[in-house]
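For reference, the structure I am asking about is given below.
Lettered A, B, C and D in written order, each chain numbered from 1.
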Amino acid sequence: MSVFISALGFGVVTAAILAISAVGFTLQFSVTNVFNLAFGSVMTLSGFVAYWLNQVGVDIWLAMLAAAICGGLISVAINELLYEPFIRHGVNLFGMVIITISVGLIFDHGLQAVVGPSFFSYNAPAGKALHFADFVLTRQELAIIAIAAALTAVVQGALQYTRLGKAMRGLAVNPALARACGVPTRSVIALAWFVSGALAGIGGVALFLDISTFTATTGSEFLIVIIAAAVLGGVGSPRGAVLGALVVGVVTEVGGAYWNPQLKDVLAFSVMIVVLLVRPQGLFAQLANERAVAR
Amino acid sequence: MSTRNGTRLLTVGGAVVAALGVAAWGSNSSAGSTGNAQSKSSGVKAAVATTGSVEVAIFHAFSGPNAAYGPEAGAGCYPAERLINAAGGILGHQLVCTPVDSKGDPADAVPAANRMIASSSNLVGVLGGGSDTATSVVPLFQQAKIPVFSTTGQSAFDKTKDTYFWRILSPDAAQGSAMAAAAKKLGFKRVAALFGNDSAAQGSAPTAVSGVKRLRLKVVANQTLAVGQTSYRSEAQAMSTAKPQAIVSEADPQTSATFFSELSQVGQVPKLITDPVSQEPTWRKAMIGAIGKSALDQRDYAVVAYSPMTSQAYKVYTAALLASSKQVSKPSQWDADLYSVADYDSVITMALAMDAAHSTKPGVYNAYITKVTSPAHGATVVHTYAAGKAALAKGKRIQYVGAVGPLAFNRYHNAGNQFAIEQFVNGNWKVSSVLSAAEIRAASGL
Amino acid sequence: MSAGTQYYIATILVYISVNAIASWGLDLQFGVTGVLNFAFILFQAVGAYTAAMLSLGPPSSNGGFQHYPFGVHLPFPVPIIGAMLVGGALSGIVGLITLRRLRSDYQAMVMLVVSVVATVVIESVIGLANGSAGLSLIPNPAHTISGVSRTAQSWLFVGICWLCMVLVGVIMYGLVYSPYGRVLRGTRENEAAIEAMGRDATRARMQVFVIGGAFGALSGALLAEFIGAWAPSDWLYPETFVFFTAVIVGGRGSVSGVAIGAALVCVGVQQAVQYLPIGSDPTVLASLEWIITGLLTMLFLWMRPQGLLPERRRRFSIPELRKLPAVGSEGAVELDA
Amino acid sequence: MPDVDALLVVEEVAKSFGGVHAVDGASFRVPRGSLTGMIGPNGAGKSTVLSMIAGAVAPDRGSIRLDGQEIAGLPSPKTARRGVIRTFQNASVFPHMTVLENLLLGVPPWSGETVAAALFRRHRWHREEAQQVSQARNLLERLGISGMADTFAGQLSGGQKRLVEIGRAMMSRPKLLLLDEPMAGVSRTLAPVIEALIADLRNEGMTVVLIEHELALVERLCSPVVVLAQGRVLMQGEMQEARANPEVRKAYLVG
């Protein structure tokens, strides 16, 4: 039992990091319909901004805030300077997926050319481990869980209850109608990119704190797991992304505790594929349902 | 094709060239700004090397997951280059070290090796082929008749028939046995094994585990880590529950750091019995980030090739290394790195063999490598290139005893080494005890 | 010409043919039929491993330093044919799981995940294919021919590769420039419409999945036999993207274009970067390769989305009709959208 | 009208999407050789009925019989092979293929479309294809767009695309042709051309089902008409009867 409980605790930590990032990924996708595979690079880049600040003595949580702003700005810039022009140029959705991969590669390797292929870590002690029955978590991990819970609640609440959130949802379901109803499309889309990038920034710093060392490609490597969580929940549904993150996080850690830990990611990915086969739209997808992405 | 199409093609072609140009410019400025370009002095490739120079290639991964291999070998090659040229070069030729990126995978390494062989007419030797690529590239150097000094630990080369293959350090299997012997010698009863699933770590894992069992110590946990995962919490929890006194371990920097940072969160990090990887600066940097410097230095026992780091050859090497800051970024980080030291000895050995053979032709001097390293009656023992060159000039037979110690190549061109347990004390690695051949035999059963 | 130069040229030629074969496999799936197969590199890997095990001796041979389930030491060309069969079959299984039920964007993501999963499994389960150390000492069929020089053997292997390339090229021409190819392109262009005309789009995708997978496996088999080793670091998932770039640069759906694209992108960029006069930090060069690959993709999608040699427009000439004056169509004056 | 020779018999078909009954037990018959109009207010379920007949949407219940054979629930390609060919509300062509190739894809699936035939029986399908190409050219001539045979279909105007789409359907010599608002997105100059084409098809004896908004057009072309409202068939009969029917008037006013 104790193995299960502690694994569950670890699963929640992983899920928290996943949830922050997966909500960012899926929110932006639902509003703009761009499957942004450069998301992991935004995480890395913001994570490095936090690293540089941390190096000159800025507290890591403050650096995380800076990373959020930075991630948001990078994200908006990518959209305005690259994606939007390409969409206007008539590149279809498949083409856009390939463009986002290109952007991710350029970012990752550009960064690598600057920082080298070396390892980096934040200067931030994890704090003493706290024991709650069989749960063992550090202060840092508790903080990450709290941040994740707060952020996902805020995003969900904003989508549900604010005018801007409603405009965003409207844009996600039916762009033409939303535009006709006077939704300021351009600024809402820009906001979606900003929020998505900010979440990428926070998720990136949280990830790097958690794994303690990182390189110029760590974010992109983690992206696959984020996508698994988002797809599992039903791409386009922030609530689904949280649920997907929980499933992936808990399945990997609990599965790893009882089965071959080397294959725990395989377990999570298999769950994702099986769920998709049974429920092709994902676990939790009202928004996604409405817009099957075809050519 | 119509003219119009032709023009379009030209436009696109021009654009591609422009893109390449932009990219080149971008990378140029970035390389300049970081200031850690590998070697400004050695120029690009053989094409730029001065006529009359001979070239030793550093054929290792400079990118990808094993990107530390390249700079590590460079830290051996450049000091050797400096000392050899300071002694007037080899038979009047200057020696040049040239980095070539193998990228750490066979499919990229093979064309890179072939391009290197084809494009440099004065290539006389190769440092390279780590565990990631040795089996695919060593045959190419064999065909090209170019001596290759490899740091691979694969047992595939234990009884190789490749006459141009040379290996100074013991294979991974011996390393594993030595780690088991160290656990016994240090008096641990409850031992855990923790190895990455990468090729380098998997070379020593089986013999380490079997050695611990053979020495009748209790294996309380035997874990293999899938490298590059974002967390190993479950594994760390299981390790903590098993309560080992010591963990026998080899894994890459990132994997080790992630695991041990998580282990330190759930419980105590026990003593560590590690391999030469733990003397690499990248590993130390990552692990210090994970569990802190003092914790690491208190716990870590590195089982490495026994080299009297107080020896004359070693002192000459470190002095040359520290003077090579132009080619080697932060040279002091490598001064105890066993692979760097072995690569230094490799280059000096090649140079002395050329002198002994009176030829820089790889096909000729290869046969002289054993002649300048093996102990022989009446041979002058030398510890530096300059001394060896002088002795050879006087027509004497020499035995080069390098920074790693004597290089006793067997008929399979494997030298093998003694092992020692080292600890990091006051900013330096110190030998705490030497493992005897009998102790290692007890672990390996051979 | 020195032996070294000959080996180098032979290597380049082998890599061109191998990459052309692989890029054609992806082109059939992505360029012609419109399937985003982000797991393509996996099928090259499957072919390489299969060919390796079919041509290696039993695991205990060579001192037993590597682990794999079996080695049967079959003569050329059995390992290559076996690789194609296994690659095609596995491709079919993956296709069955993903193509039938999933939305096209989910398909792409699931493929990406499948590629990652495969790498993790191969690295973790050492007994499958010797973990991350990979398989080595894979015999090169040309080296078994005695009585000729090593250079001659190299050229012989180049010949084998180019023969395979020509065969695959002929098959590609046959498939793409035929009524069958028309159905594939229809599937790419408009799935609902092609199904309304009585063609089964899912079946078409399945077929190209199997055929493309077999081509990918063939390329892997040849590559593994040439380099004598095959490891997970050879087929990390971003490598698939290089083939996508080759197809986009060459011209989606264009058989000759994609061959040119493969030569330029998969071989040319890598080689060219090594000769760039920009200092010699190899890490920067490796990064540069990826940056150029990414830039090329974006550049082409922006400036020339149809690629260097665009997909050929099929014209059906009828001699008598050519003489008729062009019929001015009333539609030409139409103003609607 | 139980006595007429019905090519298509639709009985009690129903389909709901997420709890909304798009079609709720519709029954009607399409007499052989007729041009049956299908009208009804927006959201009446006309396109859903058409999609069910064409196999693109599987009905929740009910039966669809073509020549006495059940086709309900057959997937789209199989339905098409039985001779039921449809067009789409948005003219649906293969944009990066030439007009001629678009027409060639109208030919029912034939021997040249298998992997084996593509590779090994080139001679045979070359000959067959030549015949089909000449048929397609004749058809283009008739449609008045023969000059555009080698143009990419994606470059055509909306009306021309519609011509190509109908032409593609004609190439297949369907038993039953389903036209979903063929006038949508067509300019005023081309509308009469398409109307004349549809009239010709009827006169040649093809069985056609036509969904159309403009009642005047339906009146000129169709007999009988089927009136749908809220997923049910209000009536089937002649257009005059429909105009006189109070229920139909009410439905249109409500709609």
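Of note:
The criterion applied here is as follows: a residue touches a chain if its C-beta (ideal position, glycine included) is under 8 Å from a C-beta of that chain, and two chains touch if they have at least 3 such contacts.
Everything numeric in this text was worked out from a predicted model, so none of it was measured.
Distance from the centre of chain C peaks at D, each centre being the average of the chain's Cα atoms.
Note on chain placement: the centre of chain B and the centre of chain D lie 72 Å apart, centres being C-alpha means. Centroids of chain A and chain B (each the mean of its C-alpha atoms) stand 38 Å apart.
Chain centres here are Cα means. That of chain A falls 31 Å from that of chain C. Once the centre of each chain is set as its mean CA position, chain A and chain D turn out to be 46 Å apart.
Among the residues of chain D, none is found touching two or more other chains. Among the residues of chain A, those touching two or more other chains are numbered 110, 112-113, 116-117, 262-263, 265.
Contacts with at least two other chains are made by residues 26-27, 30-31, 36, 62-64, 67, 197, 224, 226 of chain B. Applying the touch definition to all chain combinations yields A-B, A-C, B-C, C-D.
Residues of chain C that touch chain D in their complex: 171, 174-175, 178-183, 185-186, 189-190, 192-201, 207, 211, 311, 313-316, 318, 321, 326-331, 333-337.
Contact residues of chain C toward chain B in the complex are 2-12, 15, 62-63, 65-66, 120, 123-124, 126, 131-134, 136-137, 150, 223, 226-231, 233-234, 270-272, 274-288, 291-292, 295-296, 299-300, 303-304, 308.
Chain A makes touch with chain B in their complex at residues 3, 6-7, 10, 13-14, 110, 112-122, 126, 129, 136, 138, 141, 207, 210-215, 218, 221-222, 225, 253, 256-257, 261-265.
Contacts from chain D toward chain C in the complex involve residues 54, 56, 75-78, 80-81, 85-86, 88, 92-98, 100-101, 104-106, 108-110, 112-115, 117-119, 122, 125, 129, 133-134, 137, 141, 144-150, 152, 156-160, 163, 168, 172, 185-187, 189-190, 193. If you check the complex, the residues on chain B that touch chain A are 26-27, 30-31, 33-34, 36, 62-64, 67-68, 197, 223-226, 228-235, 237-238, 241, 253-254, 257-258, 261, 264-267, 282, 285-286, 289-290.
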